[in-house]
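Okay, so subunit A shows up in both of these, paired with subunit B first and subunit C after.
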Partner chain A sequence: MLRRLLTVYGLMFFVFVYAPIFLMVVYSFNANTLNMMIWSGFTLDWYRQIFGFETSITDSTTYVDSSAQLYAAIRTSLTVAFSTSILSTVFGTALALAVARYRFRLAGIYRTLLMVPMIMPDIVLGIALLIFFISIGMNLSIMTIIIGQSTFLISYVFVTVSARLAEFDTSVEEASADLGATPAQTFRKVTLPGIAPGILGGWLLAFIISMDDLVITYFIAGTGNTTLPIHIWGMLRRGIKPEINAIATLMLLFTLVIAGVGLYLRSRRQK
Partner chain B sequence: MPSHLEIINARKAFRTPEGGRLIALDGISLRLATAEFVTLLGPSGCGKTTLLRTISGFETLDDGDVVIDGIAMTQTPAHRRPVNTVFQRYALFDHMNVARNVGYALEIAGRDKREIRTRVGEMLELVGLTGMEKRSISQLSGGQQQRVALARALAGKPKLLLLDEPLSALDKNLRQKMQHELKTIQRELGIGFVFVTHDQEEALTMSDRIAVLAHGQIQQVEPPSVLYQRPANLFTADFLGESNLLRATLDGSQARLSDGQTFDAPRAAGEATLLLRPESLGFAVPEGPKLSFTGRIRETYYSGKDHQIELETLAFGTIRAVIRANGTVPEIGREVTLHASATGLHLIDEVAP
Partner chain C sequence: MSLTRRKLLHLLGLLGAPTVFLLIFFFGPLVIMLVYSFLTPGIYGGVDWIFSHLNYGRILGWADTRYEKFDPVYLAIFLRSLRLATLTVATSLIVSYPAAFWISRMRPGRRDFAIFLVTLPFFVSLIVRLFAWVLILRPTGFLNQGLMGIGLTSEPIEFLYTDFAVVLGMTYVFIPFMFLPLYSSIEKLDMAQLEASSDLGATRLQTFRKVVLPATMPGIIGGSIITFIPALGNFIVPSVLGGAKVLMIGNLIEQQFLSARNWPFGSALAMMVMTAVLVLLIVQLRLTRRGEHA
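Moving on to the complex of A and B:
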């Protein structure tokens, strides 16, 4: 009986989580231009549409004002994601190493403080960052997005790298020193390869979250800098139209590819 | 002989998580001559690994000093000490293959690739892992990993090698082969070995000298034969090999056992303990003065080389003896008399409480 219940519960879980995503992907191929809930045939027009190709869909039904704007948003998002993820990976890793290796007073409190940004409501973080940038007289720009996102993405990298460090056996670092390696050489040849899966994981996580962040970024982006989520949000405000499904499906694909690459690199390292 | 390594009054205490202090090294002094093979022998937890770690530079001493080739090492970080270690838990680099592990010291020293490859090949041949260069560490058995650790520590030709139970994971045959190899390497390269083992036979056959440790202190340092025949205290006598320890009362010229037997012992009057190794007892009656023990055979064990006999006596309880396997062994329950020559007996100035 309990088994049956658990099975049903498990199935429902998957339905609730994946049904909307599944429907979104299906709708992105639906040829019905008037009501996307009704299937009228397979088409790739929505995809052609967002990339600015000629389609049979008349302009009045679409809200991608111009694919140039979409491209610009994607470019901004990628620039931000690359800069932020690299920045937060460097700092997050350094912090994780410091907290793991050096005993200092209040290390526990420090560790907790580093995790706080992950549980902080986005709105609060967004407002706080906005006020901060304004009060130090910094104009909102792509720079403020990068700095702002880094402040909380460091936490994610910190946690991922810390987890890896916790299971990393420091005796190999001693072995390296014993064989004559300077601390710098030991770090490069032994420590870094040892925690590389954690660093890589943290970097990918930071990249994906950065690509995806709407609320915080919305507060600190200013007017001239539209990231992909902000762009999509803008389109949605004028009604849900099928090409949104296509854009979201592409984003999903992109995320899956990144995660897949991460898993692949990880499994290769562990062999 | 110049001293190669000198440990002077080394003290080290650890703070335990329970809040106490654990004295791991309690004033240890030890000298190692050039190219000497010294074994640290002692019960688990007596401070052997800690002592090695202070020599290699991974523990700082609370007091005392480590001197290598006349240079005090207190301020020298581990990577600049001319010492390599075979770690008790191997500590191999598992993201590198066997060849890179073994060649690590040379890679760090910036030697050229061809030289490293040759040396790695030699080292692998030495430890019996020829052709395994490309293997990853996780594809090796425990014993193979241990040998990689050994090859890695030897490849850089250190002046001094610290070995923390380097052969513990090997089977008896391989172990004996590696014992010979190690001894040969040590003699040929002329490097000093500080060797830790729990295997007494290994300690006795390989060492120039053995240091017996207990409770963070050195009990005695002597060549194996001296240590075995003339242990300085009850701990050493009991820890190393089998022994019969009999209480004796001295009157200045003679010693008397509790059953009234006497033997010559020209030394100060008082209480002492007589050490009789099992192999000094036998059925044959020796010439000259002797000690005799009569009792019932309680148990016999056959070990391949010899028979061990446990004799139940009235005065001394169990007496152990070892008889060569080709001699005839009386069956259990028979009453027999064992004899030992009473010349050159070793007395320990200490009595069991």
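Moving on to the complex of A and C:
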């Protein structure tokens, strides 16, 4: 009896988690241009519009939202996400290696302090960065977004790579050294391949979080550097339009592919 | 000697750049924000480098009567944020705890897949997930259509722009934050202890209160804290689902920076959030320390 109740509750939990996303995907194919909440048939027009094809709805001015702006936002987001994730992966991995492989007095302090950027409320970090950039006279640009996002993404990479380093068998490294490999050789041939899944995982995580960051980017982007989340944020503020469903569905697909790749890599690692 | 020196060089090579980067771009901004919260706002939106405690006075109850007025509304908004964040934590607990329990009792393969399904939405854009709730809660949304369809209400109920919508939205977006710590402590539960408890004649409720709850307390505390922190300073969820009716401290901070252009006051408000977070983390540290000693 109790067990059955728990099962019902558990299934309801998954309905709660997935129903909103599911509804959004379904209604991105809704042909109704007047009332987006009432189903009136299947269409791909919203997707066609995003990709710039001819549609039956482009004439109706109510729904036109230039796809050029959308493309620009995607381009900015990708540029930022690539730069940020690479910068934070290099820094985060270096810190993880230092803390895990060298016994030095500050290691514990590093470990604690590197948790701080992850628990810092994002709005606090966002405005602190804004004040900082303005007071040292740095113009808000893509550069400030990349720097700003890296300050907390380094911590995510650090944690991911550290976890991998903790599982990694140090005796293999010792064996390599005993067999006459130089430290550089050991690092290149043994350590790096061993922790590569962790580094890749950290990079993917940083990439996804960077693509999705709204709050911190919102404060330090300045004008003219619209990332994808900020673009959608603006669309939402101007009113709810059906093509947001389609954009959101495409973003969902994109993150699912990346998360899928990440999980595939993890399952390969566990073998 | 040369070896250790080389090691030291390696260490510095690894630590140097990221340390300098974080000192300048992470801790630097926080220090400047703290300084700003004690400065006087300039007339044209900048700051004057004159010490002032009135930014805090406006929030907490003292002021000089000429420029900066004390207004209880700021404190009220801060308290509302604390209340909504607490409600979010409570709702997340009620939603996630039984589900985590259920999943922890599954077969291993199915269990891993279930956990994957819980964490997956975390990778879906936050703004997208919130938008989905707008579709559900609007006057013409799915919830109202459903309620009117079964005749529970004849007119659409305004769900959007209420405390309810904001708490629901925050619960929804922070589910993985609550679920994962809960799950990891429930997974460690010793089933033999539960059986022993019921063999000794304890009712299910007694077993839950005396065995399950204390054993999973670390997960409850951990999940509550990492849900509370982002909920407290949130301004995205209240903006999308709360509109102008449900202001939280995050909205207030955003206004000070992007429309009112009173940066010192905005910094003081942000310091209030920071202080609340710090107090919470100290309490957690105390609680876990005590747990370890017991």
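We take it that the second predicted complex is superposed on the first by the 256 of 271 C-alpha atoms of A that agree within 3 Å, B and C clash if a C-alpha of one lies under 4 Å from a C-alpha of the other, contacts with A are read in each partner's own complex, and residues count from 1 in each chain.
As a working rule, a contact is a pair of C-beta atoms (placed from the backbone, for glycine too) under 8 Å apart; a residue touches a chain by one contact, two chains touch by 3 or more.
Nothing here was measured: the structure is a model prediction, and the numbers come from that model.
**Student:** Report clash or fit for the pair subunit B and subunit C bound to subunit A in the combined superposed model.
**Tutor:** Because the two structures are overlaid on the shared chain, the partners are seen to fit without clashing.
**Student:** Could you let me know whether more residues of subunit A are touched by subunit B or by subunit C?
**Tutor:** C
**Student:** Can A:I154 be said to touch subunit B (first), subunit C (second), both, or neither?
**Tutor:** second
**Student:** I'd like to know which partner A:Y27 touches here: subunit B for first, subunit C for second, both or neither.
**Tutor:** A:Y27: touches subunit C, not subunit B.
**Student:** May I ask you to decide whether A:G10 touches subunit B, subunit C, both, or neither, giving the answer as first, second, both or neither?
**Tutor:** So A:G10 only meets subunit C here.
**Student:** When the two structures are overlaid on chain A, which partner does A:A181 contact: first (subunit B), second (subunit C), both, or neither?
**Tutor:** A:A181 sits against subunit B, while subunit C stays out of touch.
**Student:** For A:Y102, select first, second, both or neither according to whether it touches subunit B, subunit C, the two together, or no partner.
**Tutor:** So A:Y102 only meets subunit C here.
**Student:** For A:F51, is the partner it touches subunit B (first), subunit C (second), both, or none of the two (neither)?
**Tutor:** The answer is neither, since A:F51 touches no partner chain.
**Student:** With the two structures placed on a shared chain A, what shortest C-alpha distance in Å links subunit B and subunit C?
**Tutor:** Nearest C-alpha pair, subunit B versus subunit C: 7 Å apart.
**Student:** Is there a shared patch on subunit A that both subunit B and subunit C touch, and which residues make it up?
**Tutor:** 183
**Student:** Note which residues of subunit C are touching subunit A in the complex, please.
**Tutor:** 7, 10-11, 14-15, 17-18, 21-22, 25-26, 28-30, 32-33, 36, 95-96, 98-99, 101-103, 116-118, 120-121, 123-129, 131-136, 138, 140-142, 145, 172, 175, 204, 226, 229-230, 232-236, 240, 250, 253-254, 257, 263, 266-267, 270, 273-274, 277, 281
**Student:** Which positions of subunit A touch subunit B when the two form their complex?
**Tutor:** 169, 171-172, 174-183, 185-186, 189-190, 193-194, 269, 271
**Student:** Could you list, by residue number, the parts of subunit B that touch subunit A in their complex?
**Tutor:** 56-58, 77-80, 83-85, 87, 89, 91-95, 104-105, 108-109, 136, 152-153, 156
**Student:** For a test of understanding, state which residues of subunit A touch subunit C in their complex under the given definition.
**Tutor:** Contacts found on subunit A: 2, 6-7, 9-10, 13-14, 16-18, 20-21, 23-24, 27, 35, 37, 91-92, 94-95, 97-98, 102, 104, 110, 116-117, 119-125, 127-132, 135, 147-148, 150-152, 154, 183, 208, 211-212, 214-215, 219, 229, 232-233, 236, 240, 244-245, 248, 251-252, 255-256, 258-259, 263.
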